Amino acid sequence: MSQFDALNALKTFRPSNRQADQLRKVTLETGVTRYAEGSCLITVGHTKVLATASVEQGVPPFLKGKGQGWVTAEYGMLPRSTHTRSRREAAAGKQSGRTQEIQRLIGRSLRAVVDLKALGERQITLDCDVIQADGGTRCASITAAWVALSLACDKLLEQKLISASPIIDQVAAVSCGVFENVPVLDLDYDEDSTAETDSNFVLTGSGHIVEIQATGEKRGFSRDEFNTLFDLATQGATELFALQREAAGK
Amino acid sequence: MSQFDALNALKTFRPSNRQADQLRKVTLETGVTRYAEGSCLITVGHTKVLATASVEQGVPPFLKGKGQGWVTAEYGMLPRSTHTRSRREAAAGKQSGRTQEIQRLIGRSLRAVVDLKALGERQITLDCDVIQADGGTRCASITAAWVALSLACDKLLEQKLISASPIIDQVAAVSCGVFENVPVLDLDYDEDSTAETDSNFVLTGSGHIVEIQATGEKRGFSRDEFNTLFDLATQGATELFALQREAAGK
Amino acid sequence: MSQFDALNALKTFRPSNRQADQLRKVTLETGVTRYAEGSCLITVGHTKVLATASVEQGVPPFLKGKGQGWVTAEYGMLPRSTHTRSRREAAAGKQSGRTQEIQRLIGRSLRAVVDLKALGERQITLDCDVIQADGGTRCASITAAWVALSLACDKLLEQKLISASPIIDQVAAVSCGVFENVPVLDLDYDEDSTAETDSNFVLTGSGHIVEIQATGEKRGFSRDEFNTLFDLATQGATELFALQREAAGK
Amino acid sequence: MSQFDALNALKTFRPSNRQADQLRKVTLETGVTRYAEGSCLITVGHTKVLATASVEQGVPPFLKGKGQGWVTAEYGMLPRSTHTRSRREAAAGKQSGRTQEIQRLIGRSLRAVVDLKALGERQITLDCDVIQADGGTRCASITAAWVALSLACDKLLEQKLISASPIIDQVAAVSCGVFENVPVLDLDYDEDSTAETDSNFVLTGSGHIVEIQATGEKRGFSRDEFNTLFDLATQGATELFALQREAAGK
Amino acid sequence: MSQFDALNALKTFRPSNRQADQLRKVTLETGVTRYAEGSCLITVGHTKVLATASVEQGVPPFLKGKGQGWVTAEYGMLPRSTHTRSRREAAAGKQSGRTQEIQRLIGRSLRAVVDLKALGERQITLDCDVIQADGGTRCASITAAWVALSLACDKLLEQKLISASPIIDQVAAVSCGVFENVPVLDLDYDEDSTAETDSNFVLTGSGHIVEIQATGEKRGFSRDEFNTLFDLATQGATELFALQREAAGK
Amino acid sequence: MSQFDALNALKTFRPSNRQADQLRKVTLETGVTRYAEGSCLITVGHTKVLATASVEQGVPPFLKGKGQGWVTAEYGMLPRSTHTRSRREAAAGKQSGRTQEIQRLIGRSLRAVVDLKALGERQITLDCDVIQADGGTRCASITAAWVALSLACDKLLEQKLISASPIIDQVAAVSCGVFENVPVLDLDYDEDSTAETDSNFVLTGSGHIVEIQATGEKRGFSRDEFNTLFDLATQGATELFALQREAAGK
């Protein structure tokens, strides 16, 4: 029996009728674009994110001549991926603070599981574009981006441009939060917009932490609550790792 | 028999093996996003564009108090919709001249078939986002945007926010060009990048011209060539109008 | 007798009392600036545009080492060139979509008649600055820019920096439109702002089409109307070519 | 005895010779500017941050008429606050992603301890400007900003503009990290630039979590390591709360 | 005899063969644009600046409801007004520091001789656009702008929109400098680029100083030198005032 | 007795009770930052400016290979250095015209006393950041920047990177103005905001003028008034030179 049975007994309180420790339905579809070296369309309930991996020769100036590669990410939302239309960032003339924060997080998360030396002097850019947003887009982006990255590295191996995969571990991300005073896994938009606490856990396949971001949106939260969120995230990530391996053909 | 039989006899010269007067396979899928008032995903061969229609109360300042609505468009390409990755315009901090030119064209084309008075003081924004680009994205955008716009207007009618449809005609667009000295319909990327001439025809269901843009890319072209391009476009648009009516349920 | 006699019989309907196929008075003055390698001030009725050609060594990055030159254009309007003052684009911090669209058109039009290989690894920039605007500024810009470009190439020849002129044909542009349901040549501002249809024809001295842009501003227009506009433009361009040759000393 | 005695036994490994659970010397000086409604200059070792609180009537548009106030923050570094000069963001024309991330964090952290209704329709802006940077500037900013905010609220009380303090708790922040495989409190720049893990804990006086950000910079880290970091942060924050109360005269 | 006879005895040292106290040939042509409420094209040797005055209802936000008007200025250079082409500021996306400095100076200079109360709640914008630059463009701009402003005020009087002219004095500007160790009047580009000292004097018809800017470009300069520059400027301005009165019909 | 005794007899009219020829209390504190090659915190009454000198290898592109160095300056105000909060320029996305004008002035002033050849191919950037503003910040910036620059050059000498000091003279700046019709030295904010005339004198230790900027804010001013302002400035600068020498250890 799950350690969350007590929480689950309260399950009907979730707008989606999910149990406290239940992810939304997640699918990872690969090969969805014709040109990208790797691509993965993730759906997490109504959230849909397209992640593409683009391999380019050369590295940014600050890495020139250091004999290593680079992995970076960019994030964007289609203007009508949201309930009401958001302004197009290209028209606004800049990326919002939120966008920059998210794309920095995605890039850091992936670099944590890549051996940049093994990648050689090339850059892989992960573009994560949100087609439809129903909460959890940054976590979905990380989870899908790992698959796209993995496929792009497979292609480099096939083309014998590298001799060993630079990917040293899996990485996936999941959000948790305290909703109506109960810790729950994988917040959707309805939950997220009213949750007392929102947190994102970026974890590796081998059980390590890459990044934790936890915020008390409505109130501070206790260390006990935090620990339960962490347990939920660990369980959720385990499910995501299995789906990633299947999608990436590992 | 088609008037283009002589051209078609030369058909094998097209990289795609299409006849001179043959469109790529076109599909129009509607209801593809959960939030937009109207949406249409068009595929034209490998080109894929997602058009969404967003209805908002109010109009831009220059129309305040004039008792009419507004229809406008924005256009964007996902960074890896292209063969090699393009820079994200939001990161670059501005929309390129090409992007602005295209979105102005889309907006003008749709306004030509809308009775803005009948729309009331509301604005409909058509977002045309290119998921995959293989030539002809501006034409595909116009064709799909009309469907999304039509569905959004149906919704306004259903909600009894307007009493008659503001849409007074269909509008669709198709490109033609002179490729290896032969006028052909619906250029794909391979053809477009080497064609002598590129033209876009925006036409209405009732047989009128909304916009013509014709450019000699490699050389000037003759009026005879132009007239053949026009004939090809007229035939192609007829096929698109039928697909639009089917998609929009008319 | 002109083929437009039937249209001209209606002549009094034009605010300017011109005949349907009558250009405004056009003058092309050269040598108007002290520094530019070529310059031409065009007046078309009340419209005045100053075109200067600046020769610079080197080419843009995308042409480095290809053994060819480049021709490009920039367009601007003085803030009070218009009936009411427009905001200065330098103060606004960006060029409008309209400005970018026009300067891209001017550049394309000139490149269509230049042998870029014969130009060598140098760039010629045509600056088209509108001193006074009364309609038709983009067409006037193209017509004047060709003269400025021609003079700049003469200077390169004189200085023996090139051995043959890279200019392979003339190019000029003229607008036409359907005004009060009658096709007319060379719209001025009064006509342009109420015309049903606006079109710009960029044509070469040898009778080819470089670019056509035709837009139904108030309504779609028929192919017959379009053909009449094309005939008017062809006649108008013939007059402009003669004036260009005279100005450029050819 | 401290629970960190085992860690402290290793103390000589820190470049600063501090014990594992030892903060740098922290001072909080108030009243340092003549105009701001509240101000606090914090020094944490060589790190110096000036926080000022500015009270303005009115709230941002999204809060108009909701009967509540707003607290926000901006962050900046003087160009030569760092070891080598950094580019001035005003000259670069935009705030970096890092800057935006930090100022969003400061704002969220303070709002977590403010009753925005009790503040009335006014905005308090906390400007946190780094005079000298030696690691930990975002944490120092939060700790000092709370003092400046508290003083500004006292002033509003004195002026009888509000009847009760809107501040409902203290908030302070401290960084921790795993340095040479040992969890330590309050990283300075030397440690931060080589630490395996970096984390920031924003905690309230009543023992709740406002925000946790923990990142594996060089490698993922274990949950045990994380728990030790959390313990260290809790101890460090307790010291900061005492200093804040003293500075704010509470 | 002029007080500068001793200087003039050295006259052949000036590249232009002018005497030390000799202005270049100055002409002021009015009514040069069709739309502006006032316009003046000034030529000072090879320097040509077009100044237009645009009257608009309303004032900037900081003056709303204060029962007074505003006078402001903008300055620009055509890209090829200079010896070698300069980058277009609209394309660069911002106005240079130099441009802003100059347009602030022009605005201040004109406001010094305008009774803003008498102008009523309207704004007059002086656009000073440099057609050709051979030194002294900021001074030429001020001198011409006063004429354009004066004509625009006459028009307001004619239209009985104001009952008395808001212009309370003339204002003109002239540059002086120390060239080859000799103080001279009205530097042209050749002199300006090698002068030891450059200064601009903005003076009123009634003999007062509006603005002095004097800079030692190559070396500091003495108070005696400065006083001679001041004398030269006073003499030059007297000539400009006469030309202004003639141009403005006063 | 001072030549200003007559003016001083009127002394009580100054809000600060200073005599007409009396500077505010000035202090120059050096070594105030840990990283900068030279630093100086100047206080002039309530005005406080931090000037830092940063030495970097290399020169801007326009000086490459000319065997000389460069000295430049940047200026900024902390948002709450002023009576009411000013918008942060980094957030606004650009530096104001005023900021650019001031930093150009500071750079020019310092370059006037530096032998750029003797500096070698390196750049020294003077950052002048206003901590608190009570009038006279640009003058205070220049005065302090010279001290910071001098210290940075001493460091280069000590490190034997240069063999002789590139500093050939002192430079300091002081403002004067006509306040309630009396010329006074060193305007503070209260005086500056109502003064009829504002002027800044940048003078060298050897008695030369580097820059004069004098503006009639409320009215034009006479040459006699100007001469008195100049005398006051000369006296004030003499006091500043002594303080500079003491601070710089000369």
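The letters A, B, C, D, E and F name the chains in turn, as written, and every chain counts its residues from 1.
Heads up, the rule we're going with is that a residue touches a chain if its C-beta (ideal position, glycine included) is under 8 Å from a C-beta of that chain, and two chains touch if they have at least 3 such contacts.
Listed by chain with UniProt protein names: A, B, C, D, E, F = Ribonuclease PH.
On a predicted model such as this, the values are computed, not experimentally measured, just so you know.
**Q** Smallest number of touch links from chain D to reach chain E?
**A** Between chain D and chain E, the shortest chain-hopping route counts 2.
**Q** Note the shortest touch-path length, in steps, from chain C to chain E.
**A** The distance in steps between these two chains is 1.
**Q** Please identify which chain has its centre, taken as the mean of its CA atoms, farthest from the centre of chain F.
**A** B
**Q** In whole angstrom, how far does the Cα centroid of chain A sit from the Cα centroid of chain C?
**A** A distance of 52 Å separates the two centres.
**Q** How many Å are there between the centre of chain B and the centre of chain F, using C-alpha atoms for each centre?
**A** About 61 Å separates the centre of chain B from that of chain F.
**Q** Using CA atom averages as chain centres, what separation in Å is found between chain D and chain F?
**A** 34
**Q** Could you list the positions in chain D whose residues touch two or more of the other chains?
**A** 93-94 - these are the residues of chain D that touch more than one other chain.
**Q** Round the ring, from chain A on through chain D, what is the full list of chains in order?
**A** A, D, F, E, C, B
**Q** Within the complex, which stretch of chain D touches chain F?
**A** Touching chain F from chain D are residues 33-36, 39, 46, 50, 52, 54, 56, 74, 76, 78-85, 88-95, 99, 125, 127, 129, 131-132, 134.
**Q** Can you name the residues of chain B that touch chain C in the complex?
**A** Going through chain B, the ones touching chain C are 94, 97-98, 100-101, 103-104, 108, 112, 169, 199, 203-204, 206-216, 219-223, 226, 230.
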